[in-house]
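I have a structure here, written as structure tokens, and I will follow up with some questions on it.
Chain lettering (A, B, C, D and E) follows the sequence in which the chains are written, and residue indices restart at 1 in each chain.
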Amino acid sequence: MISLSGIPVLSLIIFTPLVGALILAFVPGANVRAVKAIALGTGLVAFAFSIVAVLGFHIGDPGFQYQETVSWIPFFGIQYHVGMDGISLALVVLTTLLSWISILASFGPIKTRTKEYMISFLALEVGMLGVFLALDLFLFYIFWEIVLVPMYLIIGIWGGANRIYATIKFVLYTLVGSLLMLVAILATAFAYQSATGSWNGAFDLLTLKGFGFDTTFQLFSFLAFFLAFAIKVPMWPFHTWLPDAHVEAPTAGSVILAGVLLKLGGYGFLRFALPLYPQAAHDLAGIIIVLSLIAIIYGAIVSIVQPDLKKLIAYSSVSHMGFVTLGIFVFTQQGMQGAILQMVNHGIITGALFLCVGILYERTHDRRIANMGGLAGRMPVWAVLFGFFIFASVGLPGLAGFVGEFLVFVGTFAVSPVAAAVAVFVMIFGAVYLLWMFQRVAFVEPSEFLRKLGHHLTDIDRVEVLTLAPLFVLTIVLGVYPALVLDFIQQPVTQILHDLGAPLTGALL
Amino acid sequence: MALPQTVPYLGWSWDDIVFLVLAGVLLGSSLMVVMSRNIIRSGLFMVLAFAGLAGFYALMGATIVAAAQVLIYVGAISVLILFAVMLTQSKSGPASLVFHSQAWAAAIASLVVGLLLVMSVMFTTWPLAMPTPIEQSAHDVATLLFRDYVLAFEVISLLLLAAVIGGIYLARRDIIPDPGDPLTRLDAASDGEGP
Amino acid sequence: MTQNEWLAIAPVLIVAGLALLVIVVDLVWPRRPAIVTGAAVVGIIAAMVVTVAAGPIAGLSGQLPLEGQTVFNGTYIQDQLSVYLDLLFMAIALLTILFAPDYLEPRGLPMAEFTATLLFAITGAMLLAGAQDLLLLFIGLELLVLPGYMLAGFAKRDGLSTEGAIKYFLLGSFSSAILLFGLAFVFGFTGTTNIHGIADQLRSFTDSGNLPVGLAMGLALLVTAAAFKIAAVPFHYWTPDAYQGSPTPVTGYLSVGPKVAAFALLLRLFVEALGPIRADWGLVIGILAAVTMTVGNLAAIGQDNIKRMLGYSSIAHTGYIMVGLAVFAAAPDPATQAAGIQGVLFYALAYTVMNLGAFACVSALQRRPGVTSQISSFAGLGRRAPLLGVAMTLFLLSLVGIPPTAGFFGKAVIILSAVQGGGWLTVLAVILMLNAALAAFYYLRVVVTMYMREPAENARPVTIGTPTRVGLLLAAVATLAIGLLPALTGSMLDWTLSAARSLLLGA
Amino acid sequence: MVPPVFFSEAAGQATPAVAAAGSAEQLLMLLLLVLPMAGFVSTTVLGRRMGRPWLIAVPAIIVVWAIASYLAFQALIQGAFGNEAISFTAYEWIPAGDFRIPFNLFLDNLTAVMLLVVTTIGMLVHVYSIGYMAHDPSRWRFFAYLNLFMFSMLLLVLAGNYLLVFAAWELVGLSSYLLIGFWYHKRSAALASKKAFLVNRVGDVGFALGIMAIWTTVGTLDFEAVFKLLPAALQVGDIQQWMMIGICLLLFCGAVGKSAQFPLHVWLPDAMEGPTPVSALIHAATMVNAGVYLIARSSPLFSHAPEALILVAAVGIFTAIFAASIALTQKDIKRVLAYSTLSQLGYMFAALGVGAWTAAIFHLVTHGIFKGLLFLGSGSVIHGVHEEQDMDRMGQLRRKMPITHWTMLIGALAISGIPPLAGFFSKDEVLGEAFKLGFQWVWLIGIVVAGMTAFYMFRLMGKTFYGESHVDPAVEPHVHESPPSMTVPLILLAILSVIAGAVLGLPFGDSTITRWLEPVFHPALETAGVHESAYTIFGIDGILILISVAIATIGMVVGWRLFGFFRARAHLDTVRELTARMPRLYLGSFRKWYFDELNDLLFVRVGGVVANGIWWFDVHVIDGAVNGIANATQKAGDEIRQVQTGRVQNYALGIAIGLIVVAVGIIFLTTR
Amino acid sequence: MSHSLDAYLVLSCIMFAIGTFGFLARRNAIAMLMCVEIMLNGVNLAIVAFGMFTPALAGAGQVIALFVMAVAAAEATVGLAIVIAIYRNRRTPLVDEYASMRE
């Protein structure tokens, strides 16, 4: 452990990408090599900072660490207040890691307007990191919305054929949810102000979370937060933007979208919705559990018949993220820790899957499963890696996916065996769609379509291996030694459950 | 010759008779302004209406206003309007249709508006009003004008100046630029009409 | 006139004098737009400096007492509100003048007349901001709108411009008559033209449901006319036509100047004079606000002409600002009432910079005559003129209300006041937010066109003149800085709140 | 069956005590896992470039075998660990609040027996594969996978808690998937591997739920603790009897999947698409026994749920006869063996169900040996006739492949239960115990199955080695005996098949294996109230033995009569006549009672329709609603803009109407 | 009657309504302008009447009426200038033919 007192670690993490983006703005766009180098360098520096934060982190300390508070709009008591606990830490590291991987993975595929692309990407990273670190509701909301714009551009400019439809759908859908959340944030702050007579701390999570808002108010505010987060997660039935966005986004966009953006919703529930409105969370947990179960099974079943690789993975995300919400809303230590672990795992695994699909797309310019086949023979290393991540996604023990999923199961079973029994069926469906897809892509003889490509169908190259390697290692490490994450989130989850009060009872069976 | 206190036989005060006559003139000519087929006749009826109004002002004892009414409206504005009518009527003949196709709707709407206004006036007791007009000297008016409303008075001059400057700009006939001048042609299609 | 009166009126005088000066300059050096622009810019900056710097002498900038100082026999007031609005109007004038040459010069439209007319209008707006008397209010309003009609028709050889102008003029005069009748009712009922006098007279009608019918009718006339001036639905019909027809810099001006000034009228008339009977007009304003923003946004969605689209969108923004007024009318406690007014003022500022900025981008794009204001003109702008594209994107995002832009903070302040008010105001806040999402639909369409569509075959590079560059920079910086810069945001919030408070002292 | 009433005083010593493992044992146990894993990793990385890719994998497993033998020797013969199990925790795998799952290894006599079976057969199969796979260009993958399997299987038997077992359970499933699909370019192999994994997953759902139920009830998953706490909880009434039954049935679900019991048996025959050594190792000798192991391991729980045990017995014995009936008519040599495996596993489950725990494990061991032998033999045959598996294209191979022939003959005799070979002892134990414990119906069906088993095995032998040659004439001249690397394991396994039964099963009554496993099953037997009755070789036991041997002999003889034996001719026309006489039965058996068709209908067709239906719902209803809202909004906007006619009078009229509305509204709202 | 505020007010309201009708119904721009003038005059009548009958106003009515006249004059100036400008473009004073911009 290293001492980091007095160093604004979190600001360094958040704003490193911003600095990178500003530097890029002044680099001539024609100098693609420099642009790429600066972007990757920035991503790596941010990653390094986040590792520094990990090294300096006190695991046993239940509160927020590295807190920084700067008064921003004192009129309303709005502050630049950031802090990190175990949950933020896990997701921040995930974000910085996936960001530089995505940047690296974009080197090949992004051939036009590289500079703008990289600037968008770094801006996106700023927003995501800010969301995970903000402790001020207003600040949180700002970062939350900032995420939207670069993603909008990334899908809309560098995306596929139907990108404009997809990107507008993405933005509008998310915006509808988040704008209502803004109303709730402001209402919450005001409720605090009117009760205490002061705006001081009215937007500060740490002062607000112990504050007992009245029941009706909690209900409405929670619903507004819920809508925002549910759309982001996305929970059934707010998920239909996801397949479109994923299919149209460039590879790295999909990686970040699945890897980090979806986690914003889950994180929002944990960090804001539950501590602020515990009563409402209790009241609505039953419904949310049911929605999660639907998402889990429904997403998996719909995945089975998807003809497009990316769409399949997108729907599988709906299913996998269902575990996250399920785990959160059963209000048990195991469920919640499992949910967080599942977020990290899903980020790694699905990110890797999208990278794999992207690598394939680079060579074939196609993602239709029907056109694939026999790739195990044509691109053996790729097939091995793809298969590896598929099995991780299936939830094979020893790889990352399993532990989170199982913890959610266990946590759910303790509350509602029936819910667990329903959820556990995804073990079958998940295997069905992934293995069937893998069979059609990698096995049997190469299709006519692939044969025509001839020698263009080369195996994975060095840079691509480099993008997948960290994820590969992490998938194994987190499967074998999940304590790496679980230890960090133990205390915060205990704290959240403590804030929530009584365990969930009578919500569901 | 002294008139009797009231109108013989009717028992109405003279003022009332004057009021009725003026009201007839005012409303009748106003209607004619609105209804007349020929716009020039409309304009002339408007002069009459304005004059009738001046009569009312005089009847109430607002002599300054009455005078101004004659000067400004009857004198200046009417002439201005008539000039404009002449200017725009010269080439194309009088329009075959005076009224817009929505005239019936307009009639109903304005009737309702009028009824609402009249009823709201009738059903309201104006708390500060006296039963009869009050004598007001020109001096009072002048004092108000140049003391209390001095700023407004200054501003009015500005307003008129602005109107004049703008009016001149808009109405003046520019040296028609050469139709072959690309600038002019582009200008014509500069807004909205393009694809 | 006393020294105080001179000082209080000094900004107005400077601006009015500047209008005359511009005409003289044009007479001396005809057809030298650069000189006109330069003189106007310098003059406006001077007026702004005077407005702020003359403060200590007249008791401004913090030393100005909250209740302000009334001059000219109680017809004009210099208080926090009027100073705030004056500066805002001058900023509008400054930006408009900076943006104008790029559009006017290639079309052979005279800069001098434009500038003079614009400055007359600004004078009217400034008078409106400080008017304490119905008469001054009316005359200020006329001084504001009459030059507006002329500006709308400024491209007098362009059929669309004059068509827009005559529509604007006819309907505007119609609404002026309605307004005047409303004023007459109020004035007849209360027996005074003084704003405070009216408020005093009306104090007995504090509960809803006990207005004499004549006063109610007057109120209806005033609401109608005022709604027309701010372009609220269903009195908004003129807006799209006038906006589309006007020369683009004029459209930019029309979308902010008369609108903000009309809100100043609403503040002086409805809040200050009719404040005691706010329970009677609050609900109507609330309903109009909801209808206005919804209709404005819906109508903007399918619009292909960007000026017309921004016209509809400005209707929607009117709705947003009206929420602040509704908060004032319906809020139970003075603090929340002040917050509502603060929302109006803060949003007006944000709206000014972002909307003017957006129009400036359109006008810069149209520098080359023949470029239409169809959205398709923006195709590939992100690549043809990257900086212009970035600026336009910024303004559009701000109009949507994406943080950390001024538009977002403006909305936040208004919504905060609405949730403070509670009750149906919260519903209004939710409607506002849903509308913001709706608005994203069409604003982002422009971004799509700029970045995601290929430019037309014959698209030529876009060049921007220096004044426009400066103006765009100013607008962009303001759009970003309001909210993001702690010091600026804080002082703006403080200032708007004290302006609101000073207004409410009289109400 | 006996209700669980004798629990109370036995509770204390009922559970075997656990001792911490010494550091030497710790190291050895870890090495058992590390070596195959290392072999897997290094073969994966380096194998492609190695000329002899088995050079890492095979030695690694030989070492593992040696270690396992040493440990088993220590445990079983030396009794070095006493009657106790040894265990140790390597590290904490999952720490999540109260849910703390250690990575702990556990070794008791049951584990030791399993270790012996797994490593011995595993080692032999590895050696065998050197020859069998010699010509496959990507055989490095094969050896890597085999090592991965060994790692997983060893973890499965060594694991000290349920979750770890589950993890290993899935990992063997993965290895099985990879090995079945080894020739991935064959469509059938790709489908079979997927099917194996998926069907297994169905069972795993139950297993997983069972684990959750156990943890939720007692808050731990460690074997020792669970076996102590769960019965105790039942005793004091913390949990109900039905919960105990439920937990057992859920665990049984897992076992049904992994051990391919009815109705999840469908994957195993298809799994024969994998290379034959795989079939021998995974799908005969080791992995498929995991279900048996799991239930044997959980005997302290099952003994408290007699109702669950009845179901186990029923499923087991039904599978036995069901699979045997299919095996009668199959043409593919490996499929016959596969169904035979199912059938024999059914025996084991029947044994578990009746409470004959030791007999089940005994049969597991012997079956592992002779079925491994048979599979490897069949592999040798297939190799010999150039990858032909259809028995109708074999025949008369005994001369060309003598070693294969003789070893397989031993295997066939062993499985048929002919004394004194291995199968005789274990099968007799299973059937005898069933009869004596009061499950006469199990015994009866078991006897019938024994007859069928003897018949189909000798049908197989006849069609393959005797009768007339139907080998492809083009291949005929090249048919040859396999290389030593293949024949040596065959010979070794044949020897084991001969002696294993006698070594482990004698003396009757208090046999070696019974002594070995007594400490493990003591609590279960205690609970179930099963008391050792004296073994009466000249009483009931003798009679049972005679009956079963007689039935087996009959089956055997019918087999030679119809399909030939050494010089005896086959009577295929009789076979044809018989099948023609009962076409439905024949076809039903031949088509595996239409289970593949049923699955295809249920899961592929109906499931596909359902999935497509939900997708349709997603696109048209949910997303349709989203797009519908968007479109409606746009439409509304277009409609609203119709108001904008461009005509001033319309606008003015609008304003006037607005004025009227506002006026009426305000007057209505504000005046009395 | 001549001494009743209500009478003058009613008269003014009727005049206003007539003007409104004309404004809504006429097609000619100048006619519409004239109708606005009628409306303004109607209002002016009300203003003067209020002023004359209300002692508190003390002549303010008259002053305001004067101002309104000035404003009306300015308005007429501007309006007529615009009419003339558009007439140059469109060659017609009929407002309902100016509908190039719609929707």
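One rule holds in what follows: contacts are C-beta pairs under 8 Å (C-beta built on N, C-alpha and C of every residue); 3 or more make two chains touch, one makes a residue touch a chain.
Every value quoted in this text rests on a predicted model; they were computed, and no experiment measured them.
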| item | value |
| --- | --- |
| Chain B to chain D, fewest steps along touching chains | 1 |
| Graph separation of chain A and chain E (steps between touching chains) | 2 |
| Chain nearest the global centroid, as defined over all protein CA atoms shown | A |
| Contact pairs, highest-scoring chain pair | B-E |
| Separation of chain C from chain D, taking each centre as the mean of its C-alpha atoms, in whole Å | 78 |
| Distance between chain centroids, defined by C-alpha means - chain D, chain E (Å) | 97 |
| Gap in Å, rounded to a whole number, between the CA centres of chain E and chain B | 5 |
| Centroid distance [mean C-alpha coordinates] between chain B and chain A, Å | 69 |
| Per-residue multi-chain contacts in chain A, two or more chains | 172 |
| Sequence positions of chain B contacting 2 or more other chains | 100, 102, 105-106, 109-110, 113, 116-117, 120-121, 126, 128-129, 148-149, 152, 156, 159, 162-163, 166-167, 169-170, 192-193 |
| Per-residue overlap in chain E, given as positions that touch at least 2 other chains | 16, 19-20, 23-25, 27, 29, 32-33, 49-50, 54, 56-57, 60, 63, 67, 71, 74-75, 78, 81-83, 85, 88, 95-96, 98, 100-102 |
| In contact (per the touch rule at the top): chain pairs | A-C, A-D, B-C, B-D, B-E, C-D, C-E, D-E |
| In the complex, chain C residues that touch chain D | 166-167, 170-171, 174-175, 178, 208-213, 216-217, 219-221, 223-224, 227-228, 234-235, 237-238, 240-241, 277, 280-281, 283-284, 295, 297-303, 438, 441 |
| List of chain E residues in touch with chain B within their complex | 1-11, 13-22, 24-31, 33-35, 37-38, 41, 44-45, 48-63, 65-67, 69-78, 80-85, 87-88, 91-94, 96, 100-101 |
| Chain D residues within the chain E interface of the complex | 641-642, 644-649, 652-653, 656 |
| Residue numbers on chain D that touch chain B, as the complex places them | 647, 649-650, 653, 656-657, 659-660, 663-664, 667 |
| Of all residues in chain D, those that touch chain C in their complex | 630, 633-634, 636-638, 640-641, 643-644, 646, 648, 650-652, 654-655, 657-659, 661-663, 665-667, 669-672 |
